[in-house]
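Naming follows writing order (A, B, C, D and E), and every chain is counted from residue 1.
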């Protein structure tokens, strides 16, 4: 088992390396660089090519690509993300608070979603083709169909106009002031949680339907077990795995993909930071963010695999 | 009403400062949260709505020599940096040397603005002397720049980049913290040299990208003001929701979207076609309609309406595209197009920048206007950061351009239109020596009336005869703020008047 | 011997896109206590559905038991409530399924799957149930049963899984086991092991058994009585010896003839039943075997022959049964 | 003696287990572990053995659907193992296959006509369209279907009919050898005989050679001229039909034969059974020595230590048992 | 001979009775009412898009400053936007953009994705391993960065939006198709094709691809809905289709928040249009999956 874990962790390295190469090249293909973004965008009357060249040199952007990549990699090797090209401050510092925020939203949304999705999905599967099933399906498909930025906007407006309530302006970490923190994050968590829940419910329903048709469920019924026991002990454990996958994939996605929701709810999360970093052509920050999200994605994947092995003995010993 | 002490001013800032070095950056994102920590040599009078009146700051007074080439400044005594050391002429010299004569390897954004300066000297601890190469009518205006923070000489000597990542000034507030992605906090500087100020206990600049959230913050009274400006819609909503708890200050805004017509692309090399483009715009109707939904309002020439050198409306109305009769104007546009051999329904691409306000509404408006003279325009929107890079490549046909200043001053405002050999930011890519001559002539004109005349000539050539560039509508700055906020006056620039020393909050 | 289970005129059908499938079309049979009865017939003729109908496990909502009675010790199972029926399943009547690979839950341990029935039906506590589980595994010949309890189905080979299924079926001392093709999926040598085991256990414990298969050889060795099914109906029933010696239905006859046999000299050619088994959604009127039957007369295509007694414990559903007997004797 | 059409020498096929990049090092599944036999032109070789003993893998190696780990496969004197995909193409016409599962061996998206015409077209056997249609009709009739069936899709046919189409497809290529991998196991008892008769008819008419893989010993006896018995990747006994069924030498063959139930209760009641102990071992860790020894009723100490070779016990009767 | 005549007759009869396309549709509608509702929404939307020029009461691009921000009325059923453009007309014309981007992106994504998936499954071994690793990289790569990068490199506009949306779909499609194709590859008919000496291209195109159409179709439908949503999100962020084109996401941009109080209709109707369209595609796609996926078949 330990060997398996080690192997899996090692297998992440080439993928991460691929991600690194991809983002590195991609950024260089995008027109413009951080110097242009800094000096050409403010509508000022004076421009100085000399200054821009100087800045490029300072940032090492005049170096050949392989050298730039090499120094980035050697930094990464030492777990040193370097400095942001835009603000010149350490990237870890840039990311810290935003990561905490995004992570918390992702955790809250997935908690809400999971708690709702599993019972709803089971219910719909067990009552297939009844009105309950239809209601759950319409609810979940509507969740997939509602743009979260629209839903979020409606939520904000409802609070503003009906309750005259405005969310706190800045993100307060949970440990500083739980109340402010929750007051700010619960809404975005709900707005994305709905869609998320819809994804989970659908998956739960369809895998449950599949599992309920399996031979071993028939065996369990032939043994005279109670329906509840069949569902919880025999079916759920088998059906939960794919649900786990989509839930965790969605979770990994939420971490860096909440751009629109963050925009609507005025959250300074990783998603907005992505947009900012790219629009500033802040290569180092964008690269670090991509690596962070990719690593997180792979780790979530890995955790899911471990969970699979834990839930499914067929995979356990390998 | 006499000022009241105390209270924390909270204001959203739509973007976060890239670094803390004012000499290097050029964004309100730096001014709004960072300016309160510093002083400049001179500043624009905080009570002057036109934003053009010089006022003392670190310099108590100044004098100009007869030949207009030597400026001598007397510094305030007893000014202390936040670290307790005293600020002297040495620091002013070091700061301006960094701006004008940066050491090798250190860049300066504004070097180009001070080419006229020959040297900066500090003959005595409280005297600074600027020597110019030749007299300049706009030199004092250039010292009003809100970016020219006075740094400490010792620090600069050790590390010219230190101020990019640190804050240490003489300003009315001292730096407390900057949480990345969240906010900057400043607290009252008890040893501020301008006795009795500041009134506030501190301020909190909160970074909020989303306009709606900024409006909501003011509306929910979590913030008292946003210094950049809100849309007319937001103003109306706020007034409706908050009634007399909100005060609105408005001013023309020293920013404008221009349209660069690439002279290197056919048929835009033909002045008739360019004139048709400007004739097609009904600016007066546009002003009425767009001022309801966008941050633009006045119909303007090359100077912000209402400022000393601006062309009066009636005279402006004589320029092509400013005629009061839109039908006549459009008919002329069609005629010119036909004459130039541009077919009906001719289509071209209009390049716009991917920023919603006010680029998008102006784009929509212009495309609609051009449609009315039989031009079929598709809009190509480029991501903001790549935008000017692509303008510099000159691949566009017609493109939105942008200019914004911290002070209304013809030298600064009209630089944009100089031949591309003189101005790399000329995205029309034309050479017009006549125009360049006119520019230089007005710059050296000492008599304001004469200067006005030359500017008028310049304006007619650039906007009408040659239609090198066309101007859209002047931006319009709208600041609805809490009625509790006092001691702050709107100016045409969102870079100005942000030291916050005069601002106070009533209960 | 007392009749343990009596099925009377059972009808089960399925709704499908192509129409109504009459999977079981009015069959009657019975099992006596301790006896082994076989249900043979080819694929799709309704054997499994018959067994599932008895357990009331026909896949709903597509499948429906449309009529008939299933009397278990005199009680009509079709009239029981779902909860009452649940109590019967596994306790009184147990079932062994064809696919040992898929019929065990892959994520639950062998022990868990064995003990849960005991805990529910026999109200045993976990320790008792565990002891009984060990005993059961030993009984079906799984070595080292204690260690095996903690293992999972995928650790078991096909034969062991089927033994595990048998152990599960035997757990609550049922009086009847329905074994639906218990060995079809297994290897020849393992098949023999399992069948011998089942026979021994049934004898030893006095459990009645319904063996469902399409293998006539298996039936010959293990069944007391045989029901032959064709297209949802029973077309012949007899004691095993009698059936093989004197088949009284052309289908049974054809079946016996068409398979090559090791005990007989190799024939130059096999004697197949020509034609295809019928489509259950569109059964011809009359005898469903008629289109393939060499004894066919006009009457066969008009009305379906009833299952009529032809002698002691021998019934056949053929209008021409007598002629068949005569011609075979000739 | 007629010439050998196919010679298999020391065929070995190992499958790596795991599959992930890093897991390659584990011990492989030894699906086929040194199999040799010969099939003469026009004869049928039956291959029996229990599930997982490597019958299918042997067949697939002959068809070059799997590339053997080692060994030689001589078809008409040509070693297929050495040939590249291009060079194999003409050979593929001559070696065809019929699969066990009639449901999945036909492409559900093609009509029967298309399925049968495709090889004719690709290999240029019948270049023109009309000619192909005629040939398809001919093939259909040959396997006992009607020409109209050409327009049908596989799902519109019954299992037996589909298996006939499978046979027709093999015939379309005019092969010399057909590998029949359990061609009747999935069919109903009453249909099996139809297909077996058809295969026999075709063989006598077209001079085909069959490798007939099955686990049903009675069927194998019926159709084969010679029979090979496989156990765990190896051939344990090979002989002509009569000898093998009447005088088997290998204990495994004996056990297999005794395990086959006979549809006659009276006989069954009298019959002695050799019920083997234990389970079929896994090809991942085959037992030492004679792979059959853990289940063998007559095994001795020697059997666990030393693997017996396949030797000619009597003339043309080969067995792999120390004690035979 | 073997095939008795009555079987053939049977088949002939069965063929004669085979349901025609109308019957198939009715059948689907009867068995899957939700799917039918979805299909109806899609058809309605397609008709609107096709006949937009005929149905729309106004020119969707015509600014009318006299009618700026007017509330729904008889003249403008859904009201007007901040340029006085008729919202109903813009919503109707917006369906064109939505369908075009949706269809374009899902076709592109599904085509490339399935080509990669099937080929990778067919060749298996090293090729498959390599393709999988590359797909892993794309999976781990944040979607938003991909989309941002595509737009930043190529600029905005419908064509590039299609590309931006299709790009992240490719690896997802490839993964799903690959897993189905792996099963298909093990099918004896593929072996039969290989044994018949057919070329790789023929086997992939004729024998494997048609048999993974079901998952591809299901996925393409799901993608369609998702693409419409993504298009709206990108437009909302200013990275999508550009003014003055009528597009739903674009109509929400700014308007959703800025005018939500003074002119709520501007935000409500395009939002509803998006939801309804995506809802329709998902309903239909779901039912399609139920209908096509034999494992989920109820009857």
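Everything below uses one rule, namely that a residue touches a chain if its C-beta (ideal position, glycine included) is under 8 Å from a C-beta of that chain, and two chains touch if they have at least 3 such contacts.
Everything numeric here is computed off the predicted structure, so don't read it as measured data.
> Using the touch definition from the top, what's the fewest steps needed to get from chain B to chain C?
Steps on the shortest route: 2.
> Between chain C and chain E, which partner chains are common?
Chains in contact with chain C as well as chain E: A, D.
> Which chain pair shares more contacting C-beta pairs: A-C, or A-E?
A-E
> Using each chain's Cα centroid, which is most distant from the centroid of chain C?
Result for max centroid distance from chain C is chain B.
> How many angstrom lie between the CA centroids of chain A and chain B, rounded to a whole number?
Taking the average C-alpha coordinate of chain A and of chain B, the gap between them is 39 Å.
> What whole-number Å value describes the gap between the mean CA coordinates of chain B and chain D?
Once rounded, the distance between the two centres reads 86 Å.
> Any idea how many Å lie between the Cα centroids of chain D and chain E?
Each chain's C-alpha centroid was found; their separation is 46 Å.
> In whole angstrom, how far does the Cα centroid of chain C sit from the Cα centroid of chain D?
Distance between chain centres: 31 Å.
> Touching at least two other chains at once: which residues of chain D meet that condition?
Expected reply: 21, 158, 160-161, 194.
> Can you list every residue of chain C that touches 2 or more other chains, as numbers and ranges?
Only 61, 272, 274, 276 qualify.
> Any chance you could list the residues of chain A touching two or more other chains?
Only 30-31, 129, 156, 213, 263-264, 278 qualify.
> Spell out the part of chain D that touches chain C in their complex, as residue ranges.
On the chain D side, the touching residues are 50-51, 158, 160-161, 188-194, 196-197, 200, 215, 217-219, 221-222, 241, 245, 255-269, 273, 275-276, 279-280.
> In the complex, go through chain B and note every residue touching chain E.
Per the stated touch rule, the residues are 210-212, 231, 233-234, 236-237, 285, 288-289, 292-293, 352, 354-357, 360-361, 363-365, 367-368, 371, 379-383, 385-386.
> Any idea which chain A residues touch chain E in the complex?
Within the complex, chain A contacts chain E at residues 14-16, 18-19, 22-23, 26-27, 29-31, 128-129, 134, 137-138, 141-142, 144-147, 149-150, 153-154, 156-157, 161, 202, 206, 209-210, 213, 253, 256-257, 259-260, 263-264, 271, 274-275, 278, 286, 289-290, 293-294, 297-298.
> Where on chain E does chain A make contact in their complex?
It comes out as residues 33-34, 133-134, 136-137, 139-145, 148-149, 152-153, 225, 229, 232-233, 236-237, 249, 252, 256-257, 260-261, 267, 271, 274-279, 282-283, 286, 289, 295-296, 298.
> Touching chain D in the complex: which residues of chain E?
Listed in rising order, the residues are 1-3, 7-8, 11-12, 14-15, 129, 187-189, 191-199, 202, 206-207, 210-211, 213.
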